[in-house]
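We just call them A, B, C and D in the order they show up, numbering each chain from 1.
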Amino acid sequence: MKKGVMRPGHVQIRVLDMGEAVKHYTDLLGLIETDRDDQGRVYLKAWSEVDKFSVVLREADEPGCDFMGFKVVDEAALNQLEKDLVDYGVEVEQVPAEELKDCGRRVRFTVPSGHAFELYADKKYTGKWGVSSVNPEAWPRGLQGMKAVRFDHVLFYGPELAAVYDIFVNVLGFYLAEQVLDPEGTRVAQFLTVSMKEHDVAFIHHEEKGKFHHASFFLDTWEAVLRSADLISMTDTSIDIGPTRHGLTHGQTIYFFDPSGNRNEVFCGGDYHYPDHKPITWKAEDLGKAIFYHDRVLNERFLTVLT
Amino acid sequence: MKKGVMRPGHVQIRVLDMGEAVKHYTDLLGLIETDRDDQGRVYLKAWSEVDKFSVVLREADEPGCDFMGFKVVDEAALNQLEKDLVDYGVEVEQVPAEELKDCGRRVRFTVPSGHAFELYADKKYTGKWGVSSVNPEAWPRGLQGMKAVRFDHVLFYGPELAAVYDIFVNVLGFYLAEQVLDPEGTRVAQFLTVSMKEHDVAFIHHEEKGKFHHASFFLDTWEAVLRSADLISMTDTSIDIGPTRHGLTHGQTIYFFDPSGNRNEVFCGGDYHYPDHKPITWKAEDLGKAIFYHDRVLNERFLTVLT
Amino acid sequence: MKKGVMRPGHVQIRVLDMGEAVKHYTDLLGLIETDRDDQGRVYLKAWSEVDKFSVVLREADEPGCDFMGFKVVDEAALNQLEKDLVDYGVEVEQVPAEELKDCGRRVRFTVPSGHAFELYADKKYTGKWGVSSVNPEAWPRGLQGMKAVRFDHVLFYGPELAAVYDIFVNVLGFYLAEQVLDPEGTRVAQFLTVSMKEHDVAFIHHEEKGKFHHASFFLDTWEAVLRSADLISMTDTSIDIGPTRHGLTHGQTIYFFDPSGNRNEVFCGGDYHYPDHKPITWKAEDLGKAIFYHDRVLNERFLTVLT
Amino acid sequence: MKKGVMRPGHVQIRVLDMGEAVKHYTDLLGLIETDRDDQGRVYLKAWSEVDKFSVVLREADEPGCDFMGFKVVDEAALNQLEKDLVDYGVEVEQVPAEELKDCGRRVRFTVPSGHAFELYADKKYTGKWGVSSVNPEAWPRGLQGMKAVRFDHVLFYGPELAAVYDIFVNVLGFYLAEQVLDPEGTRVAQFLTVSMKEHDVAFIHHEEKGKFHHASFFLDTWEAVLRSADLISMTDTSIDIGPTRHGLTHGQTIYFFDPSGNRNEVFCGGDYHYPDHKPITWKAEDLGKAIFYHDRVLNERFLTVLT
């Protein structure tokens, strides 16, 4: 957090049918709908998040991810980061306050992998859902489905990982927590963090720009992962893989798809990171184990990514 | 247990290389070697079992299962069961006491699916491994690997399931806990129990006689299943599938292979059975979900069975 | 199950206020109300049970347990057990069919510790709650609170344990799974089973007759025990002790009280029993550890029992 | 981490008998001994820590805590923090490099509650114990006992909490994550963090200066907490309380004592913190539930603290 970027604050996901999508993200994942806007976008949050929303669904003709936003610690940090981006040669776009309801101004930019990111300092503070800020109970009653705890990270696919690394690490103050290196030493995957989490955003090399692999939500326990897998089956939801463990980060995971074809992850556990930790390296020739620690091979579906 | 059959007491498994096999079943599964005999067979048990052994490894040119044995409550029950088998028209073979060390006489017979079973009433009582019978601790320290709790059941593949059912249910006093029925109502899988467990032995229809699918070992918890999957990866052991849940029995499972190609299962959880429970039915057209509840498709490897 | 007694089938508990009691057993424990009768009694079951009810609440001026009933395998077994009780000198009382709704005739008797038990062979088969008998899902959605899996056992306090033992073991076909022996070798606690469970009913020595310690309900996992403890706190329910583990049976447990002062237990795990298992012995001088394995001392509340 | 303080880096604990203490912290907690020095001090670390040691044991006539050290991100941050402390009026002491083996210079100071703290920027980087930095396995084989994952935090008792708050928050860049307020609004407990953890150090009001409540170690799961409690019993170690959950932080915990009487905690779970999170408040009149969420009363032993 050395430059003031705190955490993944939101992700805007395109869905083909809003009704089906809202049902998926609320009934199955257990997110809470908090608002809708004039454009028809639906705002959702996970229960442990203190801000008003972390997921925005937008109805569109194609699934995918519009942008991912990071919350920074205050307006001063936002100004400095904006300046640092511009100084570094990154083109920034101003998104005015309230373009997303109850969210302050956003500084938007696209990185060379073709993905759009935003920084913002303000969003309406609504507190954790279902628990008081005084004498809070351990967890709220009345959660649905998987009871997702928080929006956690996004994995993108695209080219130019080195240039993306420079922006995140040198300009925005992220750290490289984990990486995959090919035999020539080229980094073909990078897991970046601004916190104790093993990744706040991650990139895997892909020829085409702007690909979206998955948005991920945190669960408390391995038992919650099992029950999530059960719910995937009970609701006849399309599963990708899991329950299993990743080699990278060692998180315990399931991948599945929303009704529009966007991949979701729910996971628990995983390693932790401090700024003085040396990056963990996985060899590209062992990518199967790096991604799916138990099977040690990639399934074909894993390779499918959205535009 | 209405006819006195208590539980799966042992299974004899053929292995290609005894050294590798013993390492697999002790270091990885966590069984304890308890003896060896003149034939070179190695005797193993899981820690919570009170008798001297439950797994016998025999070096051979082909992997597979020689026979499975059930312990009956006493010699009177053994005599009666033997008589009932003969009366029913099943050919029985006498295996004298001490053919397996510290095991009493065994009554051996082959069922129409081509699998050999045994009944016996006596085996040396050694008590649980590593815990006292007075003021016993919750679990023994010093267990290896997966820390398997007990030998649990075997799944066989073969023809003539109806005839096999008659012997187990009508002669030996087993109950049908779960079944798979094809659209014509033919039972293509049967899970049989003499206890509260959802299966003590199971059969899936297969054209060829005498096929062996897996021998299964019980674990305490879903977390133990995860750690077992981790160990499979750490030891570069061949995995089949998992961690996942079965639809049939709802147990939480991993399938993997010993160095000879015999499939092992470790699992936890699962439903329970009482004699008045009506059988659970899965439809053959939903066999994918019945076997692998999360993926809802059979992997190709599942279909591989040994002679 | 050698004499045909299968399992604890029901317990009738006295409560001071039916409304509060029903709320406790449904909202908190997660039992399902299945019926009420002309006497105002309320019938409840846990979701995995196949019969119509397992808990009957009766409003009364004092809390406590009226009787505990065991289901036997069929009418023939019931007749034989009734005859065996009478032959042994136990006075039996006939309770006609439908005295409990949808329950067949019951054979009631009181053992020398002062506790009333019943045997019955028939109860309306309603199947598991919330899951189909064809292609059943892993668990039902819509369960409340602790999501108790099944009524499991009762612990009574009273005198004359040896005489009670004779009836349960020699007449009814139970097995002694665990015991506490004082330095003179007198059994001061006995845990009796007719199944693979470590206890279906248990007795601890007490000078006064007919005392009721707790009725117990099974949970799936140690995490379910944690969440149950959380719910106890969230609902401001009176707790006795836990989460902890018992030494006896090694189950993982919480004790708490219903609004009338009846002690409930929810627990998971624990050892298993087969008829050839020698009884586990705990020494009376180590009773603290035998009861509460972690604290190794009895809390004062544990000693409180109801008339 | 806005001022560069990263994490609790070490704690020096006084023990009465070094042999017994090392056995306790290695065999039971599962720490790894990494070195000893000329003064006879023993250095230990938990497996997931990348630096050489996090616990230093010093033999002395009285148990207790000598000091707690925080690692800062680099020498520049250390210099600035030192200057800021001095400017604020805190007396600092220089401890030269190698006074603790393989540790750089430390800046030591005592806060008004009477507790000694240190800041340092360098310690020998040895990497995680038992796993490679390339293709790392999920966890190391060969860990002992509780398999503690990391040294996590310390809880101190003492006066002048407001003055301590000022130093930690205003000078060192910590955040107030949780607090207990008495009816007059006076803060009687403060949980301070420089990371996503709900506390890196905590203080509870006490009349006497410099009291030590416990040093805490992180575990992966609630099942690990259970097994730790089991091990406490198996090794006849003195337990304080647990397994249970805290209200404050919602972590799942056990308190127990080392052979010298120092209280240890092992715990898992708990909430997370970001700099924009408002502090969680517990009311002093609900301190029982705040500390022990399930029992909702303080046990007497909890109030015992060491000089």
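One rule holds for everything that comes next: a contact is a pair of C-beta atoms (placed from the backbone, for glycine too) under 8 Å apart; a residue touches a chain by one contact, two chains touch by 3 or more.
Computed from a predicted structure; not experimentally measured.
When the partners of subunit A are compared with those of subunit D, the chains appearing in both lists are B, C. Among the remaining chains, those touching subunit C as well as subunit D are A, B. Interface subunit B/subunit C: over half of the residue numbers present appear on both copies, so the contact uses mostly the same residues.
Chain centres here are Cα means. That of subunit A falls 44 Å from that of subunit B. The distance from the centre of subunit B to the centre of subunit C, with each centre set as the mean of the Cα atoms, comes to 31 Å. Separation between the centroids of subunit A and subunit C, computed from CA atoms only, is 48 Å. Multi-chain contact residues of subunit B, defined as those touching 2 or more other chains: 138-139, 221-223, 230, 233, 245, 289, 293. If you draw each protein chain as a dot and join the dots that touch, every dot ends up joined to every other dot.
Taken together, the subunit A residues at the contact with subunit D in this complex read 1-2, 6-7, 48, 50, 71, 73, 125, 127, 133-136, 138, 195-197, 220-222, 245, 247, 250, 269, 271-272, 274-278, 280-283, 286, 289-290, 293. Residues of subunit A that touch subunit B in their complex: 222-223, 226, 229-230, 232-233, 239, 242-245, 252, 254, 289, 293-296.
On the subunit D side of its complex with subunit B, the touching residues are 137-139, 141, 221, 223, 230, 233-234.
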